[in-house]
């Protein structure tokens, strides 16, 4: 393999990884190659990625080079990325969302106490997706969360009153204590188990 | 270095660790007489002098010393409280064996994973947002596509109380350090005493608590003790007039 | 240009755009091509991107296909992006990951019991890096963990079936028998011997 071919491979990998166009100078610094060598390698790549030869094209943009997809693939790309995303809640997200739905408004520390493990990443994802939203602050200054309109739409609920009655999933329905109290007690019992305790 | 060849220089034994294990398992050394803390200290000394921590042998050491500790603690607990030992010796050995095998199995699996991981060194993936003109078309999930029962089930699971942890294997303390402190101070007040005198007729737990009480007296500068030879009498003396504080 | 070549171009573009590996099924849906056509196009791409031929390789990982860089470009990539590989794996993390990979879904207390020491900090790091994820709860309420797509991707695995049988690392039956024997003899000594002093 010639040096130019080898350099072209490396530049190909760099252009593939980079989100932004890369200038010949940046490519030279990264590959420790001279200006002319880089130019030769880019010329080779330009030929290999000439329109119609591959699914990608080498484009010169904003003083640098970047790969872009061939417009011929756009329909397929649209079909792939516009399919309703397989929107599945992870177990952690389902639990966090359920806690917010039934106990809103509720703070993150309380969600964590009920789950027995941190709910931070799940709560962040739910926030980003617009399933839950901020709703003021608790008396201790913690941000409170509630569900929003999108939540009702996605779950096909007219209002929060339509949330399923917990009774059918409730292991000990005879207990009269409030849902929140019971969830907190169960969460603390789980968290208090410690390594080897509960499971051991 | 393998843990097997760790050199030990203990009260009851001098030689490599694997020989010690063999002797213990052949009952040629009484586990009662073996100060496991000294074995740990010897290992720490070895680590310090070698200046490097070999995780492989450290894990081996921890598993072995844990096995010895478990054997020893069961020895110490055996006897009068038979109902506490509801695990048969061979069951206990099987359990211990299974655990040692498990730990070993997954340590080896971890080595394999690290090899896989290292083999992928230098492999990078592209992670870039979709170009703007494609991003627009990303569809929202459809209305009513989610099942509310998922939420009810989640709450039901969270309401589940975990089973209470069994504390059956933990002895209920029948004596307190405070009680034993008062007892020892009483003996000190009458002059010196030997440890055996202090625990005449006491059960195992009381003996153990009395050791704590004695250490507490030493810490407070009220008493000191001598022991002429290993396993000989321990004689305890007052350092000064004992303070008369109700424990 | 043949249909296969055209389809290969489109698939090339889709793989470039997607962050996650794409399965033949997803590729078929997006390109509206049949199973066999997709397979033929993938075979063509696999040849074009065979190791050493380009700066990129076509990899089959985590149940799908994706492009990855040739390790030969790593030095240049490190200089360009001025950060090394995403992370390194400590022995504790590797052990925890191995236990989760083989025994999933598994709870933290169980991991701790197998390792003999707490796995909390290792498990938290693995969670943060997305190598393991929550997967529901055990019957006792402990959170269960499993490995995710990122694990397969970073370890070069097509699926969990690529992991070798864990039994291959078991000691030989003779070694096991000897260990069992030693432990049993100690057990008998315990059962037979009377209680000694407390001086131990």
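All chains are identified by letter, namely A, B and C, in their written order; residue positions are counted from 1 within each chain.
Please note the rule applied: a residue touches a chain if its C-beta (ideal position, glycine included) is under 8 Å from a C-beta of that chain, and two chains touch if they have at least 3 such contacts.
As the structure is a prediction and not an experimental result, all values here were calculated from the model.
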* Selected interface, A-B versus B-C, where C-beta contact pairs are more numerous -> B-C
* **Chain nearest the overall C-alpha centroid of the shown protein atoms** => C
* **Inter-centroid spacing, chain C versus chain A (mean Cα positions, whole Å)** => 20
* **Distance between the centres, which are taken as Cα means, of chain C and chain B, whole angstrom** => 32
* **Computed distance of Cα centres, chain B from chain A, in Å** => 41
* To do: Could you check chain C for residues that touch two or more other chains and list them?
  => 16-17, 67, 69, 72-73, 77, 113, 137, 140-142
* Structure fact -> Shared-interface residues of chain B (touching two or more other chains) are 124, 126, 128, 130-131, 134, 157-158, 160-163
* Structure fact -> Within the complex, chain B is touched by chain A residues 13, 16-17, 19, 68-69, 74, 77-78, 81-85, 87, 89, 94-95, 97-99, 101-102, 114-115, 153-157, 162-166, 168-172, 179, 182-183, 185-187, 189-190, 193, 197-198
* What residues on chain A touch chain C, complex-wise? -> 6, 8-14, 16-18, 22, 26, 29-32, 52, 54-56, 67, 69-70, 72-73, 76-77, 79-81, 83, 90-92, 115-117, 121, 186, 189-190, 193-200
* **List of chain B residues in touch with chain C within their complex** => 21, 24-27, 30-35, 55, 62-63, 66-67, 71-72, 74-76, 78-80, 89-90, 92-94, 96-97, 99-114, 116-117, 119-128, 130-131, 134, 157-158, 160-163, 204, 207-208, 211, 230-231
* Over in the complex, which chain B residues touch chain A? Could you list them? => 124, 126, 128-131, 134-135, 137-163, 165
